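As written, the chain order gives the labels A, B, C, D and E, with residue 1 at the start of each chain.
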Amino acid sequence: MKKRGTRFIGLLVTMVMLISLVAGCGGGGNSADKAKEIKIGTILPLSGSAAPLGKIGQQARDMAIEEINAAGGIKSIGGAQIKMIYADSKGDPATGVSEAERLITMEQVALLTGCYQSGVAMPSTEVAERYKVPYFVDVPSEDKITERGFKYVFRLAEKTSWRNRDQTKFITEMAKTYGTPVKTVGLIYENTAWGQGAVKAWEKYLPEAGLEIVMKEPYPTNSSDLTPVVLKAKQLKPDIIMMVSYVSDAALLTKTFAEHQVKPLAFIGTSGGFADPTYYDLAGNASEYYFDISTWEPDVNRPSSQDVNNKFKEKYGYAMNAEAVKAYVGMYIIADALERAASAEPEKIREALAATDINQGVTQMYAAQTKFDETGQMINAPIVICQYQKVDGKMERITVWPQEEARVGSHIVWPYPGAGK
Amino acid sequence: MSKILELKDLTIKFGGLTAVNHLNMHLEEGEALGLIGPNGAGKTTAFNLIVGVYQPTSGKVLFNSEDITGLKPYQVCHKGIGRTFQVVKPFGNMTVEQNIMVGAFAKTSSPRGARQIASNIMEKVGLQAKKNVLAHNLTIPERKRLEMAKALATNPQLLLLDEVLAGLNPTELEEAIKLIKSINEDGITIMMIEHVLQATMAICSRIVVLDYGRKIAEGSPQEVTSNPEVIKAYLGDEYDND
Amino acid sequence: MSVVANGLSMGAIYGLIALGLTLIFGIMKIINFAQGALLMLSMMISYWLWKLTGLNPLILILIVGPIMFVVGYLCQRFLVRPVLDSEKNVREPVSVLLLTAALAIVLENLALMIFGADYVMAKTSFSEQTIALGAVTVSAARFYGLIIALVVAGVFWLFLQRTQTGRNIRATGQDRNAAALMGINVPNTFAIAFGLGTALLAVAAVALIPFYYVHPSVGQVFMTKAFIVVVLGGLGSVPGAILGGILIGLIESIGAQYMTATLTVVLVYAVFLMVLFVKPSGMFGSRYDW
Amino acid sequence: MISIKQLNSGYGDVTVLKDISLNIEEGEVISIVGANGAGKTTLLNTISGIITPNNGEIWLDGYRIDHLPPHKITALGIVQVPEGRRLFPLMTVYENLLIGASLPRSRSKVKENLEYVFELLPRLAERKDQIGRTMSGGEQQMVAIGRALMAMPRLLMLDEPSMGLSPLLAGTVFETIRKISEQNITVLLVEQNVKKALGLSKRGYVLENGFITMDGPSTELLNNPHIKKAYLGL
Amino acid sequence: MKFDKKLLLLIGLVVILLLVPMMVTRPYFLHVIIMCLLWAYLASSWNIIGGFAGQLSLGHGIYTATGAYVTMMLFNTFGISPWLGLFVGGAAAVLISVLIGFPTFGLRGAYYALATVAISEGIVVIINSTHELGPFSVGGAEGLIVKMVGDSAAALQFSSKIPYYYLILFMLFLVIAVSYWIKTSKLGYCLIALKEDEDAAAAMGINVRNNKLIAAMISAFMTALGGVFYAVLIRYLEPNAIAGGSMSTQMVFLSIVGGSGTILGPVIGGILLSLISEVIRFYLGGQLMGLHLFIYGVIVLLVIMYQPRGIVALLGQIVQRFSGPKTVEGGVSGVKDSGA
């Protein structure tokens, strides 16, 4: 009995020590240079399976912030410098929430941004809403993020369903242009929030366009083998195969389709894995003539696009991807809002963000006009379709659609060579 | 007196080996019976058949005229049969008192009641001084006592003792014999497997001898020890050479 | 038919991964949760060696195998053994199980720190070739994988049956005290078994890298499957591991033709549970093993 | 050859053997008799190194061998045939025998040793490819002894070799042991069959409750009234 | 006198714990403390079956998920307050524990562990693929969003962290009380006995399977409550996060590192380890990828290697050293009743 008492003291002392440890170390950092510094909290998956995507997002943001700061910071706040504070979500919702709490209450950031995964964005935006701190969602595309009536959430990315809408549009247009009637579609998607969201949208748009879904095949993420799925597609022979995959599965699917000589009219990816810079490394020549949907491409025919991408390449050794562009452009939109808010107060920033209307400058590389509707959703977030083609024997991702944003001198290869045989 | 336990034609085969072979025997209420035989004769297997660890290939076990064949060990325990293990199985990380309380919970659900029962039993078997010692710190004779105490705590009508006397020195042996006798005098029927013949004879009024799973002799200690077949089984072919 | 061919080739690789697991379990009665992480490590090392030297992956086996043997040997010697010793009298050494799970976390994150999180794949000369066997097309890499798996499993089985070291390993698994009394150095045999179980992963890794990507969490992809294979085949049984692997490969492959690929995962678990409840010793395990 | 001094040994915190001292001369047959639980097996396991003694010393030819791991002790020529045979149940007779020959010393002489074992125990030659666990108790005992012989012991320790065997088979086992002892192999025999054991050995020790309570020439022990009463049922 | 001291200490501890929200004003810290207490709570709930009864369940994520999903589906669809829903969620978890327990408790050791892994992984896949269940929206892989109603005690939604703190603190006291009750009651004796030796326990009249089932049911119910708390705190259920392997293994790690089978071990393990991991992530999260998890793994490794009985045993030794020989009494080994 006595022992139990003493043990309680031990426990107590340790607990108090540890609590004060956290409290002590956390509180120390945020006193100096406050006037000249605006903190932006960024939540990214810096560990776990999505870590590489978090990393490229971080680099794009760093590059933008360096530029903004070098150009004199936020002039309306006396040239205040922007300071990025990165937090690791591990891709886990609960960690995302706890990091949002920390960034807002401890670091007292003026604004939150980031996330990558919709699964983390959903609960962490809710935290921001509760604290009335603006949350600039640059990449996550889950429809619901801006459909919850939140006031402090702004999204730069397109909604997931928009991509599927435009994919459908693309298919019908191609069918007409090239005289290849399309009747059936096969859907292959990872069994995640993203995949299931895409299917919902497809099920809405594809039948509307008179297309029949003959195959609906979810598979577990990071599969060890996707041959069974491919063989099923081979048997059902849909005219078009549409896919939602992260990079590992995207590459596996592509290679396996080639192995088994599956040849529909077209393979269409839905960004993600198909847009990953390592996709081609993994999939090799099998990726030729695959279509992918995207919001930005290095060759996209938009102002500033080439310059920024070249700069990024020089700095980090590889090209940007659409997510990186959104992250990069997002920083400029935030800077613009800060400039107009002339304050680091969250409420002022929110108002400024809501009033955003940019139609010049570096954001052109993403969209001609940047403007948010009353739900905080970017209006007319851009969508392009590109195709893997060989140029001078080297595989490239070529923007082919819509016409006006396509790479100059490019052409579409439709249908997939050998289709229908 | 009535038959408290009856084994009818009990047989069990493991693969090709018939460990207990058409065993017929019974116990009178209140008696103390010894089960002897060479190593591997099937004594412990017979115990395991009675308490339900094994299901017999054929045959029946009757306890108070009720067929208990096929019951699970815990059910057999609740019917009123307690047993000890040849290789003692104390709950090593529990104290002596807690070990005995586990048995006592077979008859009561209140910790207080169980503690009371445990206390009585510790007194009976002489383990009060070790009440708070963890079982794995006990000496061998103490473990044997604990083993009996645990079985007693379940308040059995019939107690099966599997070599509880092995490895005791003469003084300890005498005390243990006294203890078993007094348990028997308390009205608990006893069936014991034992190698120490002199002890078996001191306690038991009747002895059954097993060899190769079969009963080869039965009777008073004197009858059994003078039975030539028993001597042969026990002492090997020495008998022939003598 | 393609479905079956694919099930076979993938299943053989599962079997190869499970082989090490079953060996370690069979000998030491330890479930090694770090098996997946060690596979990842093997794949990383194989990939980088391939990348730096451009050697044929098959030759890599001769280099990576010994490296992984040493890794496994050291793991057992300096991590597992001390814990095992301190739990000598515990029937089910739970701490060791957790130790291996913690080791998996450490290894995965170590790899993340050293190699980064990128997905990589070795594109060898045969990576994109296919082999046509009648109407059936199989990718060359997978076909070689199947061959390697079967050959290695066969060689390994012969090793266990015919060599003194192999027999010593089996004997130690069946009765470690009796083995010690026969002059077998039991701790050393444990370490060798752990080393071999790990070295087998190197073979699986080399077979995998031409057609499967490598990244720090790749071990998790195969981990649970390896467990299932091991139990299906019978813990501790070499032929069981290979046949169990092939069975899983076939279930996945054939099952996916009748249901979604996601549900085949559930099917695999269901089959696993059924075997576990009906015959816990697995298809080839002996009840004397456990 | 072997000398044990003031040995205390046991499992965990429990001391089973208390202050054991004994000597074994080269070429002798010694038996250790005692009731179940007296500590006989513990004594063999301590000599074999399976159990590390709490204190005390074990010497072999002037080398201290307590605290050596079991495989090193076996390598020095002390080989135990464990209680209950303990064959490798999933291996054939032949494989079991080969395991016995896993020491470097005996590996080079596998052939001769196999010949010797098969000559001594012809039954094993017939049953070469049978799986251990499918054999009868007597055959298993033969395999266990043969397996130990493959390790070329200088000291062979047998733990209850007649346990569970019919008198006829037990007789065969004892006869085998006698033959082995004629090969200049020292034998340490632990038995419950006191009469048989003492009949075979020259000297014996009586182990009771962890202590050696008596020792002396076998004939003397056999005639000792205490032994007669306690162990021979007379 | 001694008793007074102990009582005083206990009261002091409770008062300090009750005052924490006054001392810790930053919501982030409070949030971290809440998460630590939640982990302590979950580890303690696991401990009832995993520690006391020694059944290594690696699939307890099923129960957090069941509690959270059932309660929140009832709330989202019918507006049933989580206060009522939690009983339904708990009951559902109990039902599942029985369904799992019946076939699996015949299995021993490693097989049982593997069976729980397979069952829970299978269930994660099923949740991921289920969008609707009768009138309820499950959300599949997209997860279940808890309907927002603003500050409402009935819906357990607060904008302040303080109510959550008191709620989880109460739950932690509850699980400690339940653990204490189990440990000192017939059930506890039976569980520890069957953990030590199933055969001996059965011979003493213990129905091994039923006792395991009861422990599993209590453990499942308590774990499900933890899931409900997670749901109202995070307000978003992502199948992999609430039901997946990391949820399941985390409970086991915390409990064993703390000292499984004791009452306070899992509490201490849960608080200390999640605090440490939070601190590591706080300092190192944004730096070298994987470093913080690496360090976390190393800590767990070291504890398992050098303090296999858990931190609680270590604390016990330290306390004993400081408080001198007076605690060594009656030959009872110091570690025996650690945390009892």
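Methods note: a residue touches a chain if its C-beta (ideal position, glycine included) is under 8 Å from a C-beta of that chain, and two chains touch if they have at least 3 such contacts.
What you are looking at is a predicted structure, and each value in this text was computed from that prediction instead of being measured.
Chains touching both subunit C and subunit D: none.
Traced through touching neighbours, the fewest hops from subunit C to subunit E number 1.
Of the two chain pairs shown, A-E and B-D, the one joined by more C-beta contacts is A-E. For the pair subunit B and subunit C, the distance between mean C-alpha positions equals 48 Å. Once the centre of each chain is set as its mean CA position, subunit D and subunit E turn out to be 52 Å apart.
Subunit B and subunit D have CA centres that are 30 Å apart. Taking each chain's centre as the average of its CA atoms, subunit B and subunit E sit 43 Å apart. Looking at subunit A, one finds that residues 47, 51, 55, 191, 218, 220 touch two or more other chains. In subunit B, the residues touching two or more other chains are 137. Shared interface positions of subunit D, i.e. residues touching 2 or more other chains, are given as 12.
Under the contact rule stated at the top, the pairs of chains that touch are A-C, A-E, B-D, B-E, C-D, C-E.
Within the complex formed with subunit E, the subunit B residues making contact are 51, 53, 72-75, 77-78, 82-83, 85, 89-95, 98-99, 101-103, 105-106, 108-111, 114, 132-134, 137, 150-151, 153-154. Interface of subunit B with subunit D (complex): residues 15, 38-40, 136-141, 163, 166-169, 172, 195-198, 212, 225, 231-238.
On the side of subunit A, the complex with subunit C involves touching residues 47-49, 51-52, 55, 191, 216-220, 222-229, 231-232, 234-235, 247-248, 251-252, 255-256, 258-261, 276, 278, 281-282, 284-286. Taken in their complex, subunit E has these residues touching subunit B: 184-186, 189-190, 192-193, 196-197, 199-208, 330-333, 336. Residue ranges of subunit E in contact with subunit A, taken from their complex: 2-3, 5-6, 9-10, 12-13, 16, 20, 24, 26-29, 31-33, 35, 125, 128-129, 131, 140-143, 145, 148, 159, 230, 234-236, 238, 241, 246, 264, 267-268, 271-272, 275-276, 278-279, 281-283, 285-286, 289-290, 292-293, 312, 315-316, 318-320, 322-323, 326-327, 337-340.
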